[in-house]
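So the structure is just underneath, and the comments pick up after that.
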Amino acid sequence: MELFLAITVGGLFAAGFYCLMLHSIVRIALGLVLLGSATNLLIFTINGLQRGFAPLVPEGQEALSPPFADPVPQAFILTAIVINFGLLALLLVLVHRAAQETGTDDTRALRTELKDSKQ
Amino acid sequence: MACCLLVMALCIAFFVPFIAAALAVLITRLFKSWAGWVLALFPAGLAVWFGAQVPAGVQGEVPSLTLPWMPDLGIDFALRLDGLSLLMALLITGLGTLVVIYAGRYLVHHEVLGRFYGWLLLFMGGMLGIVLADNTLLLFVCWEVTTFSSFILIGFEHKEDAARESAQRALLITALGGQSLLVGLLLMGDEVGTLSISGTIATSDAVRDSPRYLAILLLVLGGAFTKSAQMPFHTWLPGAMTAPTPVSAYLHSATMVKAGVFLLARLSPVLGGTPPWETILTLVGTMTMVLGALLALGHTDLKLVLAYATVSVLGALVMLLGQGTAASIQAMVTFLTAHALYKGTLFLVAGSVDHETGTRDVAHLSGLRKRLPMTAAASAAASLSMMGLPPLFGFVGKELIYEACLEGPGGWPLAMGATVGFGGMVAAALRVGVQPFAGKTFRASKPESKVHEAPPAMWVGPALLGAAGLVLGLVPWAIQPLLAMASVDIGGSQAGGLKLTLWHGVTPALGLSVGSLVIGGGLFALRQPVLKGLRALNLSNHGPERFYQASLSGLLKLSSSMTRVLQNGSLHQYIVVTLATFGGLLALAVVLRLGEWPRGVSKYVLSHEVVVLVGILAAAVLAVVSRSALTSILALGALGLAEALLYVFFGAPDLAMTQIVVQTLTVILFALVFSRFPVHPHEHRFRWWTAALPLAVGGLITWIILHVASTPSHTRLADFYATQSVPAGKGLNIVNVILVDFRAFDTLGEATVLATSGLGVYLLFRTRSQRKKRQV
Amino acid sequence: MTPSALLSLPMILCLGAAATGLLTPSRAWPRRWLALMTMVSLSVVGAMLLVTVRREGIQSMQVGGWAAPFGITLVADLLSALLVLVTGVMGLTVVSYSAATLPSSKEAGAYYPLVLVLVGGVCGAFLTGDLFNLFVWIEVMLGASFVLLALEARQEQLEASIKYMSLSLMGSVVLLCAVGLLYGAAGTLNLADLAVTVPGLGTPNLMTAVSMFFLVAFALKAGAFPLFFWLPASYHTPPAAVTTLFSALLTKVGVYALARVFTLVFTQDAQLTSTLLLVMGGLTMVTGVLGAVAQYDMRRLLSFHIISQIGYLIAALGLLTRSALTALIAFLIHYIFAKSALFLVSGATARVTRTYDLHQMGNLYRTQPLLAALFFIPALSLAGVPPFSGFFAKLAVIQAALRAENWIIAGTAVVVGLLTLFSMMKIWREAFWKAPPEDQPQEPTRPLSLGDGVLGPCMAMTLFMVVLGLGAEPLLELADAAAGQLLNPEEYVRAVLGGRP
Amino acid sequence: MNPVVMHTVARLMAPVLLLVSLVLAVRGHDIPGGGFVGGLMAATAFALLMVAFGRPAARKQLRVHPTRLAAAGLLVALFSGVPPMMQGRPFLSGIWARLPVPGTDGLKVGTPQLFDLGIYLVVLGTAMSFILGMARGEDTTAPEMGG
């Protein structure tokens, strides 16, 4: 399974990076979502997968005995998902505001940076 | 005890100019037009103190102190007052006193006179520090103090373009040399294991025998030559004449430009006496001397002529150091002193003439001696000294030079070169020191009645200096012990035994002296054709000057074109370069270190998992290639759901739940943003060559994941949590216990990010609606 | 107070004050004073931490009481403690400058809480001993910086924010991958635990590959060539106080993290990684300073200089000798102060001239003497002119390069110093010396004085520079000790893991 | 949809959603769930109110400004780590107690749960910032209705 998931993750990375290379900010944001998913799956895969067996201790027991899925990457991913989501929302609002100002989401419209170095 | 007091006094002497600089603005404000006299007390006091040290110095007493300053870098606060230092210190403080008095009058109405004094005294402190320092880096620190204070002084009339231009040029050239010097000194320090100058001198063989000797020598010479305006670095000095005249007199003739010569003298026991040293110094020095003299004749501006003549003299001094014989060192020391006296005078005289008549172009000046008698007398004494006529001190110095050339390895050819150089100087002296004052007809830009003698503050300095040249010429033995001491400090005991006499008898040197006078007289007589010829040649605009201009504009061009290429405002390009860098580094690591095929990765897969994986990839591809925004968004949603399914299959229900919720919200957010503005139809078409880079990076990441996945999995952390979650964490859901207990700190940060972005979103929308409101 | 409490206090203080600030009424004064008080306390905590570490060695604390590597560890070695102290001082400087310069409507808003969050994130990044936690604190810091940058929502700021965010988030993705891969390869993310575990894994090649992810991620945060684009694209848009805060702290976290992982975790393939760092550092120096030379906007010029100075730091890290790391730390501290002073002065200049465009300024040497002095000293210091802090810092770098016989880095450092001087003097010539352009109405401006509150923070920074220049020895000694700790991880490991091997 | 039906649905569903969200948050320690998902669920309840009754009404129902809610949540989460420091234990150490609740063998309560409650509030506040902010952003053409 790791083999196939690794290929999928690579594919997701490729798709995400491809989106980043497009001239549209919304597509860039979309690419970042894809990259977020790719990263989460990477973390999920990385320390070995376990079918079934969620890391929940059965009621009344003191400890969980193997086999069970590694809870550590899950905790990492949960944290990462939330962080990604928060920052993505911020980015989208920025895109939204910038588009209101410029009327487009094309990155080529974002060139006021050059204003003074042309002189 | 007495020794202790002496050392303390030395230490205080080091700081006096800095204290004076700090007080300058205040004192100027308090004493107004008397400020010059008051401030002059500081250098005057120092001069007296240094003068009082001469007898003890002659006895062989060398006060020194070493305080640890930055032992980690090997920098000590180390001072040492040997003969060479003493001579230089006397020149610096003595001339400094006169210049401070002079400037008080010269710039009396200037609105920022206080600041001017501050910078001038700061410079004096740096200069004094250079000559007193016994640690190469302390010397360097002071060296740079003189560099940037002279930058400000050159650009003192800063609203004028020429002043700023010259200040920048001086700074760039001398700072370039400074950097070179720094590296040289550091390398030298590493060779001998100390930065102490006297320590280095004691183990000088280590430097000369080192394989890095040549590099060290060249780097140090880079510093000395730029500071002392040797060819081809001389171009900053004539430009520096935009500084007020007192500054030129002080920095650009008597002190700062001598710093380079001083440094060479100081280090000649360490670096000198080798074939490269002799060759380079003699060659560069002679060339500078001759060219400087030549260039001096091509100008009629008093200060420019003096500046080029100074270049010429600096060349002579360097040439003498290159010879390295006892005689040449003695000649160097003597001539350095003579030059400081007469050149200081002539600059101050030029300032007075400019101040009183409103011009300093020789072509428009003559017959001033009646209106400016004191100035004229000082000028006469100084220019005679410059010409090397007896009974002035310049004559003593010049005779020594000829003798040294004849005796030294350079022999007759060098002596001839010196004669030609001095011939030029004679002509220059006639032009600046004699021509404006001589002649019957009065000529100046103002009517004769309006031109009168400069105020006392402005003639006392030149008069004293001129007189000093005369007195020392008549009684040279008065200064002989001091100069002898300095010679010994440069050339070792074999350079001792200096004998100064005014009359040597009829010697070959006297013949050369006469020769140079004849050449000089001839050049002066033919001054008009010479001037025309030299102007036609336009020497100062070729060679180094061109090079400086070209490299400056080349730098600016390089800079702006590089910025246009790199930081061109295109987010697309930024992303591509960033991605390419990432991919490139990954490829490097994979090619160099991780080339073998990953083994032992599980290939076992269930059919429903394959379906989900294919679904994920298909959704991703759809999201990427679809031209419809809606399709892309929906594909994103589908992708999230498929991902959640994977989490369910592999034992992560919390993850699945969160993933579904978050992905739903993401899709809603995208939909909202997309619905807000007309997304003009995306012209993007899927292109394989655009996809090559992302695919390569994705492939590399897959490759690395496979390698990681082929290592055995680690269960240490998971086992701990599985056994501790219930007893210690009081929770059955291990993932949740990790989030709120084992790694709650992460969650705290996560919550902060979330709250911050919520705040940001809210604020961004608010600013918009507020702006709308204001518009209404 | 116990040392362990000291370690968590910076984050508790900053985040607590940020949250409390948002709960206070929307007025300027409560939020301003809360921020000021917090920064003062943070500086005190930083100083206490530094003293404790200096006296008793590296301090560590297990958050939640879970032994490393199972919980999250906070660790303060000399470098961390020093950086926390500097962060506190910078926070105080920026807050007091903000109080003097910002309109009260802005002060009453979310400005101070955001600054506090940013500072808290930076402290967290400096103090954490866990790589995933480092990721989290970097995101905290980034999140706050995104909002601060976009706060006024003018078009150029929106643009700048979008560029800054896109590239930063790309870096975060790489960082998260790096962390994930390292967990997969080593089974732990605790730095001390990694220092012990990694050599025993027997997969040095894999570690090299993983280290590339960290290199890219942190070099991007640090603003190294060729990953610095976000920096000049954004730093010239927010108010001067915000730019100062960013320039003082954000890129430093990247440098700090690079130093941390490449001295503690990825030491197996030092040949390759050092070479990469050296190449990167050298090119960063050169491109940064060349970028600056052509600029005529004061803040853009200064922004490019951030990059060139980062180059020195990365090159020093690449040399990886004790003297090079000493130089790195001394340089880092110097440069935080120098750069901040210059940005603060640029803000003060803009208050007087109402522009950042050098073409439009002039004659400030006469009209604003104090401002001129407060520009001149940091400018010289940045260019490495003695006797200011920059000289000794740069000297240490050059000396380290010479001793390592790396002539190229030494030469580059020297030449870049010269070009830095050139571009600083360009500001001096244009803004302070030349006559102001004629179309610029010459309104008689009163010279700024210390009483205005604008120059106070500039003055403080400049004083630091003079003190750190003439009295560089204590800093150098401290930096040397800190470099010793970096190069000998045993003490770090012992402090975190206790007796456990 | 018929506004009356919508109002009724919202009035009925919102409290239920809030209740479920609290359960998710509190029980998250033992079963899948937790402060994050709980907070989002609560936000959904207010979103429902907004859809039914409009933005101002939802804002009023929330009572507290959303950013202040998030700030308060952050403060709660931070504060849950402070009591152990008073005992000389590290920040964020768990303190547990068992409340005697009749009919059970006691209800366990602890600072980690308080922490999770803080997260719940942060998420609720943030989600409401998004939702209310977006809703305000939406009617940029309409005159601002206060709030």
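In order of appearance the chains are A, B, C and D, and numbering begins at 1 in each one.
Throughout what follows, a contact is a pair of C-beta atoms (placed from the backbone, for glycine too) under 8 Å apart; a residue touches a chain by one contact, two chains touch by 3 or more.
Keep in mind it's a predicted model, so treat the numbers as computed, not measured.
Common neighbours of subunit B and subunit C (chains touching each): A, D.
Should one ask which of B-D and A-B has more C-beta pairs in contact, the pair is A-B.
Chain geometry summary: the mean Cα position of subunit B and that of subunit D are 62 Å apart. For the pair subunit A and subunit B, the distance between mean C-alpha positions equals 49 Å.
Distance between subunit C and subunit D, defined via averaged C-alpha coordinates, is recorded as 36 Å. Separating the CA-averaged centres of subunit A and subunit D is a span of 25 Å. Within subunit B, residues 560, 563, 567, 569, 571, 575, 579, 653-654, 658, 665, 669, 672, 676, 701, 705, 708-709, 713-715, 717, 721, 732-733, 739, 741, 743-748, 750, 752-761, 764-765, 768 each touch two or more of the remaining chains.
Shared contact sites, meaning residues of subunit D that touch two or more other chains, fall at 30-32, 36, 67, 70-71, 74, 78, 81, 92, 94, 126, 130, 133, 137, 140.
Multi-chain contact residues of subunit C (touching two or more other chains): 15, 18-19, 22, 63-64, 110, 113, 132, 136, 139, 143, 146-147, 150, 153, 162-163, 166, 170, 177, 181, 184-185, 187, 232-233, 294-295. Contact topology of the protein chains: fully connected, every pair of chains touching. On the subunit B side of its complex with subunit C, the touching residues are 68-73, 111-112, 115, 137, 140-141, 144-145, 147-148, 151, 155, 158-159, 161, 164, 167-168, 171-172, 175-176, 179-180, 182-183, 186-187, 190, 555-556, 558-560, 562-563, 566-567, 569, 571, 573-575, 577-579, 581-582, 585-586, 588-590, 592-594, 701, 704-705, 707-709, 711, 713-717, 720-721, 724, 741-746, 748-750, 752-753, 755-757, 759-760, 763-764, 767-768, 771.
Within the complex formed with subunit A, the subunit D residues making contact are 30-32, 36, 126, 130, 133, 137, 140. Considering their complex, residues 2, 4-5, 8, 12, 15-16, 18-23, 61-65, 110, 113 of subunit C touch subunit D.
Of all residues in subunit D, only 28-37, 40, 66-67, 70-71, 73-74, 77-78, 81, 92, 94, 96, 108, 110, 112-113, 115-116, 118-119, 122-123, 125-130, 132-134, 136-138, 140, 143-144 touch subunit B in the complex they form. Residues of subunit B touching subunit A in their complex: 560, 563-564, 567-572, 575-576, 579, 601-606, 609-610, 613, 616-617, 620-621, 623-624, 629, 632, 636, 639-640, 643, 646-647, 649-655, 658-659, 662, 665-666, 669-670, 672-674, 676-677, 679-680, 682, 684, 690-691, 693-695, 697-699, 701-703, 705-706, 708-709, 713-715, 717-718, 721-723, 725-727, 732-735, 738-739, 743, 746-747, 750, 753-754, 756-758, 760-761, 764-765, 768.
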